[in-house]
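Everything below concerns the one structure shown next.
The chains carry the letters A, B and C, assigned in the order they are written, with residues numbered from 1 in each.
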Amino acid sequence: MSRTVTTQRKAINTALAWGIGLLIFFPILWTFLTSFKTEATAIADPPVFLFFDWTLENYSVVTERSDYARFLWNSIFIAGGSTILGIIVAVPAAWSMAFVPSHRTKDILLWMLSTKMLPAVGVLYPIYLLFIKMGLLDSRLGLTLVLMLINLPIIVWMLYTYFREIPGEILEAARMDGATLRSEIIYVLTPMAVPGIASTLLLNFILAWNEAFWTLNLTAAKAAPLTAFIASYSSPEGLFYAKLSAASTMAIAPILILGWFSQKQLVRGLTFGAVK
Amino acid sequence: MATQHSRSAARLMMAPAVILLLGWMLVPLTMTLYFSFKKYLPLRGGDLGWVGFDNYTRFITSSAFWPSIQATLIIVGSVLAITVVLGVLLAILLDQPMWGQGVVRILVIAPFFVMPTVSALVWKNMFMDPVNGLFAHLWNAFGLTPVEWLSQASLTSIVMIVSWQWLPFATLILLTAIQSLDSEQLEAAEMDGAPPLYRFAYITLPHLARAITIVVLIQTIFLLSIFAEILVTTQGSFGTKTLTYLVYQRVLESQNVGLGSAGGVYAVILANIIALFLMRIVGKNLDA
Amino acid sequence: MGQITLEKVTKKFGNVEVIPPLDLTIHDGEFTVFVGPSGCGKSTLLRLIAGLEDMTSGTLRIDGQDATAIPPAKRGLAMVFQSYALYPHMSVRKNIAFPMRMAGVDQATQNAKIDAAAKALNLTDYLDRRPGQLSGGQRQRVAIGRAIVREPSAFLFDEPLSNLDAALRVGMRLEISELHKKLATTMVYVTHDQVEAMTMADKIVVLRAGHIEQVGSPLELYHTPRNTFVAGFIGSPKMNLIDGAEAEKHDAHTIGIRPEHIDVDAQGGPWQGKVGVAEHLGSDTFFHIHDTGLAETITVRAPGEVSFDHGDTVFLTPRDDKIHRFNAEGLRFS
């Protein structure tokens, strides 16, 4: 670690890593650049990279034509709502498992995780049917509930691993200080777990935002989020690359930025703490 | 470490999560099982009675079944192989001293955060389109005939797109694991005169074994159910119909719910076999 | 008021009985110390009193009232934890205010009490800091402050000084003792350090494997230890315990003699041995004497500076009236 590496070695590493990094990132970069081109420039052969007349026209066309704002709002509502609901249900459960463990705690955690592995397609029709019966089809509420249930195991698990790092004595101190269970959780546990809860929020928001099975199959016009908004571009009419790029950029930009902040939590959350 | 009072409080507070998940698992799964034993065509007569294991045999003997299993296995297997091998190499590279490591990490991880519909559409149109795609331009530049990716090399194309989405995840996890390797171990081996390749094979790789297993299992769970990537690109044509997609078509497109449900049960069984392995590993981790 | 009575209290963890049936009364205003080796059940006993653990059987009374089933918050007790258990996200002021906030005390009263506690504990300048920005001793004081403002009927301390360095420990020991004199509230204090027990307690409870070995004032335990365990545990350096022929001369199975009750010189005496290690403290000198034929080592405490060299032959004279006699069960008799 502390050994000095020759500058030459470091330069080679750097060049190689940057080369590969840019290659992997290229599709996103290309989409971003294309979103500022005219449709003609977008398909020019040979391709144009930076030296074209940058235009914001695609963005205004996309926003006007397809009511981008509504899709965006649906995405925010569904991803945000499912995450917050999930946290509200998961915090007490994780508290129980972390601070009052019993011999069954481990089994319950693993069982919760196993529901996450249930293939969506195996329960597609029943859910579809139940949604029709309950009038939840193509509703934000219905989708919010489904995504909450899908991500609940991850939320419980992540909170559980964070809570386990909080010393039980502090909660006992609160109990001695006269705090009820509710105050103990609201005034002591939750503020202490803020970093963990924030990571959990972030990762699950991203997962819900990008979810593309239920969001495509349970929505139509009304509650469709950005995943469906983009999918509507799969049957093109005329030249549309620049507009597709603008729409894509708008759909992924917010989440990409959030994602960059949550790299560490991603590892922790998705591997259920098995890799640190 | 707790009192009776806190134990009953704990049970109470666990109840909502447990009940919700129990309902989420049992209700639809029971319904799927129920439908799978029925001839059930919602648009053509509805519930047409019990048919025993008819749907199960019909699903498994239909001409689409084995190709769908094959497509599923090819996609899952290839993506796993590509992401694990490239992931290990990339993780080792990223662990080396360099300038701007943080930025490179950000570049590499980015595809994971792109929603599946976007990545599928961008690849399909802007890269793989035989007329206007970048690949076509590239082929033209070398005087070659552009490939019709999504029809001529459909599975390869899907594998490429999905690998691009999952390589970041594999890399990130493997990098995290590499960084947790005690550098003194490697130094000790170096002092003992072990050459670099030997150190990689006997120290780094065994250390990564657990992380690789996790990557394989988690990705398998997600890859078995990839959907949007196929819906948006080939819609299951040109040999890209996976088990998930086949069930989806039976249920929602041809509205043969009984048959589709039987297929769903097969998918559940397949996933459970894999999940069992994952549980073992994660369960061990709980004791630590 | 703060009288705590334990009647036939037991505690099992699974099948392991950590506390066998135990009876104990802690009187109002008393400073009671539970002392015993690590793992003997001191913390468990304290946590049973606090209500943080359920008793397996038995009754706990606080001021005569059955408190067995009362939750910790309602018992009117305050606890200071070994790790201090301060709320890391709250300022010192908020930490101290927390129990009052939970009790719905009005803001003005809260402020007055916080200021008083801060003044008494030298925390006035630190009220707006977070626990993470304080030294160990200051954190300890905050924990005590948080306990004081509740005006509990008894304070419970679980090894509160064990995370402090030696110098601070002596200082805090005095502060807690002074606090007890000032408040005259019942205090129950757990430690494995017999010096803390001796210096602070009105009443010491010596525990071994969940059993009470002896209850008494520090000097009672010092002068009349009930058995060899208490004899060996209380007092520093430890009492010399001698079996065999020398004990039989006193009609006992085992005799005990404290290091400070043996005179050492080069001229003559009933016992003879060779000097091993000598520890010079200035005020006293401890000699570890070997080859006496009585026990592996005999420890002797000589006042002031006495110099014998390693290997010197010396003579020991025990003071006969200070010899403790124990029977084959290790029990004292006289």
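By our rule, a residue touches a chain if its C-beta (ideal position, glycine included) is under 8 Å from a C-beta of that chain, and two chains touch if they have at least 3 such contacts.
For each chain, UniProt lists the protein as follows: A, B = Sugar ABC transporter permease; C = Sugar ABC transporter ATP-binding protein.
Everything quoted here is computed from the prediction, not taken from an experiment.
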Thinking of each chain as a vertex joined to the chains it touches, would you call that graph a line, ring, star, complete, or other? complete
Inter-chain pair with the most contacting C-beta pairs: A-B
Give me the ID of the chain with the smallest distance between its Cα centroid and the all-protein Cα centroid. A
Chain whose Cα centroid lies at the greatest distance from that of chain A: C
I'd like the Å distance between the centres of chain A and chain B, where a centre is the mean of that chain's Cα atoms. 16
Round to the nearest whole Å and give the separation of the Cα centres of chain A and chain C. 55
Centroid spacing, where centroids are CA-atom means, of chain B and chain C in whole angstrom: 60
Would you pick out the residues of chain C that each touch at least 2 other chains? 52, 71
Among all residues of chain B, those touching at least two other chains are 1-2
Show the residues in chain A shared as contacts by 2 or more other chains, in ascending order. none
Using the touch rule from the top, collect the residues of chain A that touch chain C in their complex. 167, 169-170, 172-180, 183, 187-188, 191-192, 194
So, in the complex, the side of chain B touching chain C is made of residues 1-5
Quick one: in the complex, what on chain C touches chain A? 50, 52, 71-74, 77-79, 81-83, 85-90, 98-99, 102-103, 146, 150
Residues of chain C touching chain B in the complex: 51-54, 71
In the complex, chain A residues that touch chain B: 1, 5, 9-10, 13-14, 16-18, 20-22, 24-25, 27-28, 30-31, 34, 43, 45-47, 89-90, 92-93, 95-97, 99-100, 102, 106, 108-110, 112-130, 149, 152-153, 156, 168, 181, 206, 209-210, 212-213, 216-217, 226-228, 230-231, 233-234, 236, 241, 244-245, 248, 251-252, 255-256, 258-260, 263-264, 266-267, 270-276
